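The following blocks contain the structures, represented as structure tokens.
Heads up, the next two complexes both have subunit A, just with different partners, subunit B and then subunit C.
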Partner chain A sequence: MNGIQLAAGPQRTRWQRAGWQLQIIVAYFAQFLKTRLVYRVDFLVDLAANLVAVGVQLATLTVLFDKVTALKGWSFEQVLFIYGFSLLPLGLFNLISINIYSFAEHYIADGNLDRVLLRPVNPLAQVLFESFNVSGLNEIMLGAGIMGYAAVALELRPGPWDIAVFAVLVPSAALVYTAVFLGLAAVSFWFEDRLGLAPPIYNVIRFARYPLTIYGRGVQAFLTFVLPFAWVAYLPATWFVGGPDVRRWAMCTPLVGVLVMALAYTVWRAGLRRYTSTGS
Partner chain B sequence: MAPLITVDRLTKDYRLTVRREGVKGGIVDLVRPRKRILRAVDEVSFTIDPGEMVGYIGANGAGKSTTIKVLTGILTPTSGEVRVGGLVPYRQRQSYTRHIGVVFGQRTQLWWDLAVVESFRLLQRIFEVPEDRYRSQMAFFAELLGIDEFLNQPVRKLSLGQRMRCDLAAALVHEPRVLFLDEPTIGLDVVAKENVRGFLRRARDTLGVTVILTTHDLGDIEQLCRRVIIIDHGKVLYDGLLEDLRRGPGHRLRLCLDLAEPVTAAALAAATRDLPVQWESDGAHRHCALFSRAETTAAAILSRVLAAHRLRDMALTEPAIEDVVRRIYREGLQPGQEANLE
Partner chain C sequence: MSELVLAPWRRAPGASLRLYLGFARLAFLKYLAYRLRYYTGVVSYTIFVTGNAYLFRALFASRPETAGGVEIGGFTLPEMITYIAVSWIGRSFMFNNIDRTLAHQIQQGEIAMQLIKPFHVQTVTMFEAAGEAGFRLLLFTLPIMIVVVPLFDIGGPPRAALYGWTLLSFLLGMVINCQLNFLVGCLAFYLKNIDGVIRAKAITLDFLAGVLVPFSFFPGWVQTLAAWLPFQGLSYVPVMIYLGKRAGPDLASALLVQAAWAIGLFLAGRLLWARAVRSVTLQGG
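This part shows the complex of A and B:
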């Protein structure tokens, strides 16, 4: 039978394909920036709201440190540094991948996943990068400000090596965030959103902005090995403000990021297979 | 001609979770869900040739959307096989998407916040459409769909009709070989429907695209498709020409006569007693003959009537396609139509 034979698509190596997908992601981002520039007022309102939220949290910290000069051996400035640091990967995650947070609702319940599956681009890349959330930029700016202030107060003198480590740790920590919420999104292939886990877990992030040693051992273990938010702020930040005994764990952050992401991606793939075989 | 699309004993089962009641039931559901299997598509087979425009119709829940989802690669079948131009949609999904365009009438494929033109530019990037091809496609869409009037508006500000025109164009911007349309005229007013139908005719003739169309609006089918596949409870009820469906023995034409003098129905029945005709009367002057094309002709009836009576006016009406389809759902196929089933 000599029917019409459709081409199997452009022949690309794995790396060429990755490069091409990256170009698409950049195109998505450029489009997004263009639309957002139209809504400058929204951006300013977001910024103001964020400033207020962070201001309240900082005020709480200040009041707390008015009574106690140190928190389980951590000075106010050190706590402030970790707090500021925590906002950087969080901002990165919010900016780029917040889509994954509302995956169950937006993609499964509203049926947008079908549209994603009709395009020749990796479905996860589309979901992660299809839209962006500018308020993430606010968090990044605020975090940088707070961290910078704390660094000056602590008289930190980062060398070139520290800056290189910083440049690796922040995206690694953002990867941990993304992996956790990707895992939750993937679970919704089985449970839809009946579990409603994403909002409470997002709230747990707040606990992870402080030195974990202020919590009991159980909480520390939970945040390190089960819900790995220890790796989004406290552990990587200790590279800069921690004592030598905790500091060495900071360098494990990229490894943890990759591991958690690999795990989450495996669950995601299984979930996607389930979706295409059940349609629900 | 070798077929472009081959669907071979396609079957798709859904496992539905049957929810228990109450809070306790909800917890039990999480641990031990109660499942029920629903066969949405049951051993469906058909082939479609390049350039055909086929109407795929059925009631709600008949299995239309499931078939389309398998054909577009979104769903994997439980059993059976689908091939489109040598590709298996659900196994080579990402490559396959380059060759198909899909319009879901109820949902847009465009980016809600982007201006229309930006959506098209993104699609151009995603489907790697060369600039010259892109320009000529856009010119074609501007001419036939008038989308150039609102290219700079965000998609969410478009009316439903405008959005549908954009969705049609978006589905075709990469010059696919196959276009899947799921309810493309749903919710549109008469004028917008006509626009969409006119465009689809031109797209088929100009671009040579093969079209599969599901719809509730049988007007779409009548105006666009020579061939229809009717599906009900997951099975193919009819696959053949729309015309044959209408000419089948079970579907009767209506020949209405306006006579110059009053006549009784009995007199007309007597005049045509050698023909299989049923008379209905609407007053003494107006009478309608119901007959099947397979059994007799309007000419035969007329000649018998004219031999004895003077005619003032007459009208011959085809059965409405809605009635034909409704009848198939209700009664199944008439014996003469089974030949059309594969």
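This part shows the complex of A and C:
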């Protein structure tokens, strides 16, 4: 039994426990991939549906920019870059964390959380890694393609430093998504009737892909400080396409991600402590 | 019990109508039980209208050369905001998940139980959709209007009679939408993986119906293409009627084309259904 052992008992060090949890997560993913590979056609159909979604968005942008040369000073290519960029963290979030979106229904109302709590692995890690949404991979590919096209059209010359920044910004933005929806999931510990707040909030995402300056000051402040979707696409992407005045804010994205995540995780922990099963 | 004759060929038309109206009533009551779920939907629709209103305001503001009475695609800014609000309000009324429900029943084999009952599944589906639309109108569309209309200061149509024509046009749009959804749902008889088709339809429909961008923004050939497709009858046509941009003979022909699509798609649904159920093999439940 030198592979996966049965319990992360107290006799192990913190690092051993972390390594062990990582092993479990890898096992979860492998298991999930096996179940998905049975349905190879699903992946292609999913890719087609994603292509259609991107096609609709591109057609909309093209028509709008057919009427103006710039939207509040933003060129077509800049807006395109921000849109492409937005698909990368969204794809990461959809790939890994989409479970958190239906948490209230699947885990609390249907009682699946009991099963999770009985296992000696971090409950949040289990919820996050129990299933994956492969459609996220499509979004990442399409987003990278669009962003690449826009970058070439804008004649961007990213240096090694930019690429390092990029590698930090994308996961940070995905962290913001996960934190927002983790916070919502955590709130459902108190309001056991499904609040149904997740869909309207998910619907805000499509408007967070445009340069924030097209919105009024109130909306901008709301998306920056209350529902922090300014940090999932627009603000990090301005590092590459924004002017010097907005650009410096991009580097705050990791900080915002960690802060919002810490807040959400605190609420989540508090919620878990007061959780009583539905018994179903 | 003479009214409740089960064999359809011996049933009086009045009894048939009562039977089908019963499904509309049941659907209405079913959605009434879930009405709380629609409160957050009101928030979603307000977000859609707000986001799009800002987007188009920015678009109009980005045309400095004609800042005063600027028109884009034949719209002034107030008309554009009205277009967005009215089209989302109409969408809230006619949206339904017939395609998903039907596909689910076909995939699970539950449809077998429907097939042995003495009614026509397509007609039942339509009446259920009507019941749902009735519920939506009262407890979803109306609250959305109460929020959105004052928030964006949405004005009425240029002539009071247009209220009636717009309503009629949206009703026809709702029928077209039901028929389209029914046809998509029927594809589950032929395709193993219907979810992707339904997703792709859901994504494209708002665009094809003109909810996202009005067709007058597009180049001429797209407008011609749209005019030959049924989708603009869901949203673009009724909203253009509301704005008074379809008047006189244009108004009559717009409504007639919608009615023709409603009937044509209904017949197509009948035909597809008749073919599909004859050849289908269902998984035993």
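Everything that follows uses one rule, which is that the second predicted complex is superposed on the first by the 264 of 280 C-alpha atoms of A that agree within 3 Å, B and C clash if a C-alpha of one lies under 4 Å from a C-alpha of the other, contacts with A are read in each partner's own complex, and residues count from 1 in each chain.
Just so it is clear, a contact is a pair of C-beta atoms (placed from the backbone, for glycine too) under 8 Å apart; a residue touches a chain by one contact, two chains touch by 3 or more.
Remember, it's a predicted structure, so these values are computed and weren't measured experimentally.
Participant: Should A:F207 be classified as contacting the first partner (subunit B), the second (subunit C), both, or neither?
Facilitator: In the superposed model, A:F207 contacts subunit C only, not subunit B.
Participant: Examine A:V45 and indicate which partner it touches, taking first as subunit B and second as subunit C; both and neither are also allowed.
Facilitator: In the superposition, A:V45 contacts subunit C only.
Participant: Going by the contact rule set out at the top, does A:A164 touch subunit B (first), subunit C (second), both, or neither?
Facilitator: neither
Participant: Given the touch rule stated above, what does A:L117 touch, subunit B (first), subunit C (second), both, or neither?
Facilitator: first
Participant: Check the residue A:A221 against both partner chains and state whether it touches subunit B (first), subunit C (second), both, or neither.
Facilitator: A:A221 contacts neither subunit B nor subunit C.
Participant: In the overlay, answer first, second, both or neither for which of subunit B and subunit C A:A27 touches.
Facilitator: first
Participant: Give one of first, second, both or neither to describe whether A:A262 is in contact with subunit B, with subunit C, with both, or with none.
Facilitator: Neither partner.
Participant: So in the superposed three-chain picture, is A:V56 touching just subunit B, just subunit C, both, or none of them (first/second/both/neither)?
Facilitator: second
Participant: Output the subunit A positions appearing in both contact lists, the one against subunit B and the one against subunit C.
Facilitator: 194-195
Participant: With touch defined as at the start, can you tell me which subunit A residues reach subunit C in the complex?
Facilitator: It comes out as residues 39, 41-42, 45-46, 48-49, 52-53, 56, 59-60, 63-64, 66-72, 193-197, 199-200, 203-204, 206-207, 210, 214-216, 219.
Participant: Touching residues of subunit B toward subunit A in the complex: what are they?
Facilitator: So the residues of subunit B in touch with subunit A come to 2-4, 14-15, 26, 30, 50, 66, 69, 72-76, 84-87, 90, 92-100, 102, 104, 107, 109, 111, 113-115, 118, 121-122, 125-128, 154, 177.
Participant: Provide the residue numbers of subunit C that touch subunit A in the complex, in ascending order.
Facilitator: 36-37, 39-41, 43-44, 47-48, 50-51, 54-55, 57-59, 61-63, 72-73, 192-193, 195-197, 199-200, 203-204, 206-207, 212-213, 217-219
Participant: Could you list, by residue number, the parts of subunit A that touch subunit B in their complex?
Facilitator: Subunit A reaches subunit B through residues 1-10, 23-24, 27-28, 31, 34-35, 111-112, 114-115, 117-122, 130-131, 191, 194-195, 276-280.
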